[in-house]
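There are structures below to look over.
First chain A sits with chain B, and in the next complex the same chain sits with chain C.
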Partner chain A sequence: MPGYYDIDDIIMEEEAVSVVFHVGANGVGLLDPGSETNCVEKGAKIDLPFWLSQELCRRRAVSIIVPPCFNQKMKKDVQADAACVDLGTRYPYFYEFGCKIFPLVGDKSIGPFLRHTFASRYKEMLSKSHTASINAIPKFVLRLSKEEYQMFDAAKSSMVEYKKWRVSHLGLTKSSLLGHKRKTDSQLSPSS
Partner chain B sequence: MNTTFKNYQFTMLDKIYRSEEEKERALRLNKDRKMAQSQGVTVLTDAIKACSEEIDKYKGKLVVKEGARAEMYARRAAQLLQELSTCEEGQLPPYNSDKFDQVIRECEEHSKQFQSLIREKNSKNLDIEAKNEDHYGSFIHHLSLIRNKRCLMAYVYKRAEVIQSYRWKVGRVLPEEIHDKLNFSEQEYFKNHCAVIDSYTKDLDLDLTVDVIPPKDPYIRVRVLSEIGEVSLGDHSVSLCKDSLHSLRRTDAEPFISQGLMEEFME
Partner chain C sequence: MAGQSDPSLSIFSAPEVEFLAEDEMIEIVPNIRMDALNLLCGDFGPFLPQIACKVPLWLAVALKKRGKCSIRTPDWMSVEKLTQVLEAERESPREFQPLPFHYVEISRLLLDHAHDDIPEVYMVRSLIEDIRNVRFHKVESGLETISGRTHAVKLKNLSAMEVNIVRPFMVRVLQAFYKHDSPEMVQQVDTSANKRPQVVDRGPRPAFGKIWYIATAHRTP
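Up next, the complex of A and B:
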């Protein structure tokens, strides 16, 4: 559960979603660019930021239209090659957004879809994060969503720590078993 | 002879007749074409007229749409936070007082609208539970207020966190470039935070701000980078001139190093 002061959570809730108004609302004409008066009419279809649509949806004042990042085309893209889908620039908060919007739109397929997307992207992300060089930022990082990037970063730094640990333990004494070399025949009988 | 003449006459007549017919057909064609042309022109002009009418109809609104994008409720507050989040961890962008004030003004506007909508609703003498257009309008303003508040709080809170960390990382005196990024109350906050840590350290009789890992050597060789002057350290005083080398106790040298006045001297 993100905290009240969580900046990432706040920025994520700025994501726009299309909603349809079931009620009219006075004095908020700014929300609907097409309205002539200073109010939103019943049945108007508008893009609202998520924080507003969420509360309105809970009070059954609007209904949310499934956003384009969970539509059929996106699903096909993910099916084709999940690792190639560019989440970073288009939907930086793909998973968080999906988790939050899923109970509001009632589309049961979103949950499994998110899991599938994550699972198929996870393997490549992990192997790349372990082999990535420390200083350079590889290109594929730009495709990762914000959450994936945090994980990538964590995996990378754990790898750095591991390497440090290995170097610091090189001074250990070798096991005596490893030091023993079996004497060859020639050493046993040098005279022959 | 006669018959041949007659035949000739017939063929001539036939020719003439035919040419007449051709002429007529050509005329008719021409007429048709002209009609078609004039019809086509009218169709085209009609279409252009309809198009320009349609364009006129949406002209004003398209402009409004562009304007609305920047003006969406609480958008500015989110931009403030965006500034913070693009900054590297542990660093601060300059305090954006312009935008902060703009958000506060937006909040005042929301509050005004909210109250007027509530008044309007009350004047209609409805049941208190009834939900009409005024109710939802005021509700949206209310949500925007809460949202703006959350953004501003997060902005201040995050900055306060970073400012606190400066006491541990940078020391009691902030370098110029960091100091300029804070606004007045943040500077006060930093001073107060330092004072609290100092008094706690005094109570404990243990300096909490020194390095957690003990140094191998209690003394450190340093080179002075800028003129500091006479400084009394413990029981003796040292004159720290520029570019002079000293061997100081690590605890004495650390604050100078973190301020960038000295550097560790390595041979």
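Up next, the complex of A and C:
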């Protein structure tokens, strides 16, 4: 479970969600950039950060609209080819966000949808993460969400550590001769 | 364990696994005369020239480094045995061949420190490398079958180092599957919840009744 000081959790809760106000609220005009008075009217639709809408939703002051990352279009994208959906740039905290918002919106399909998405993306991660090259970042990594990236990184670093261990005792050090390239004549005497 | 480098996910680093492997017993042939060693982990010796005796791997390596003994290669590290194992590994796509639990670490320690005691050392080295690659590929294809209903994976005859490599990834994956498969997350999709409230029947379905009430409370404050 994420802790109070977990930075990922904090960033995830900054995510904006659209809410509909059920009650009028005075003195909070700054929440609604379009309002002319200093209050939010009943029925207004406003984007709020998740941490605020969560609390307001518990108090029945607002209701949360299902965010675009769980709408029908996204579901179709995942159905078509889950591994190709770009979560990394669009919804970096897709799974955590889904788990948190799921009890607050009435849409029960989000839970199975999250699981389906993860299960279908897991295979690609499994086949690629242990064999990933040490230096270059493969293209598919950019598509991974933050949670998936942590898994990928764990696999990669354990493999890197193993490879390091395997050669550490061999005493195969690079010869100092190999490091020096012979300088060409032009470098020795630069023409000015 | 006190020696774990990352206690939060219970991960051993590769040198830590090697440390554990050094307690395995191995046969050496000393070329010195020395009294028995009475250590906390047991009594070893006495050491007489050309008389084989069993010692832990760490002691064997320490003696070997000083040129006081030669190490007898274990049976499983012979070229014939390893060739058999490699063939069997390639033939059975699901099963792992029984090898010592620490075969990766032991073979590396012996190949590094006692390569002059191993017959056909290059062959042995490449065979072990091949076996490890074949087995690791098998591990990966075995783990592909994991889905939401998996809570544990049984991998018979897997060795310490192989487990250690996949552990960080697998622990996280299983945690994620467990989270997404928990009963709160996967309630049966209640189609009526998506329709208008008045269409919902209020029949005897206590399991959904409570949830439904919360859902409607938002709509009609």
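The working rule: the second predicted complex is superposed on the first by the 160 of 192 C-alpha atoms of A that agree within 3 Å, B and C clash if a C-alpha of one lies under 4 Å from a C-alpha of the other, contacts with A are read in each partner's own complex, and residues count from 1 in each chain.
Here, a contact is a pair of C-beta atoms (placed from the backbone, for glycine too) under 8 Å apart; a residue touches a chain by one contact, two chains touch by 3 or more.
Here the structure is a predicted model, which is why all the values come from computation and not from measurement.
Taken together in the superposed arrangement on chain A, chain B and chain C fit without clashing. Looking at the superposed arrangement, the partner reaching more residues of chain A, out of chain B and chain C, is C.
In the overlay built on the shared chain, the residue A:51 is in contact with chain B alone; chain C does not reach it.
Of the two partner chains placed by the overlay, only chain B lies in contact with A:4; chain C stays clear of it. In the overlay built on the shared chain, the residue A:25 is in contact with chain B alone; chain C does not reach it. Of the two partner chains, chain B is the only one touched by A:14; chain C is not. In the superposition on chain A, contact of A:150 is made with chain C only, not with chain B.
Legend: residue contacts after superposition of the two complexes on their common chain; A:123 is shown touching chain C, with no touch to chain B.
In the superposition on chain A, contact is made by A:34 with chain B only, not with chain C.
After superposing the two complexes on chain A, the closest approach between C-alpha atoms of chain B and chain C comes to 10 Å. Judged by the document's definition of touching, chain A residues 23 lie at the interface with chain B and also at the interface with chain C.
Note for the complex: chain C touches chain A at residues 9, 11, 13-15, 18, 108, 112-113, 136, 140, 143-144, 146-148, 161, 164-169, 172-173, 176-177, 179-181, 184-187, 189-190, 193-194, 215, 217-219, 221. The touching residues of chain A, when paired with chain B in their complex, are 4-8, 10-11, 14, 23-28, 30-31, 33-34, 39, 49, 51-52, 55-56, 59, 61. Put simply, chain A touches chain C in their complex at residues 22-23, 57, 60, 63, 95, 99, 102-103, 106-109, 111-112, 114-115, 118-119, 122-123, 126-127, 129-130, 147, 150-152, 154-155, 157-159, 161-162, 164-166, 169-170. Note for the complex: chain B touches chain A at residues 61, 64-65, 68, 71-75, 78, 81-82, 84-85, 113, 116-117, 120, 131, 133-134, 136-141, 143-144, 147, 150-151, 153-154, 157-158.
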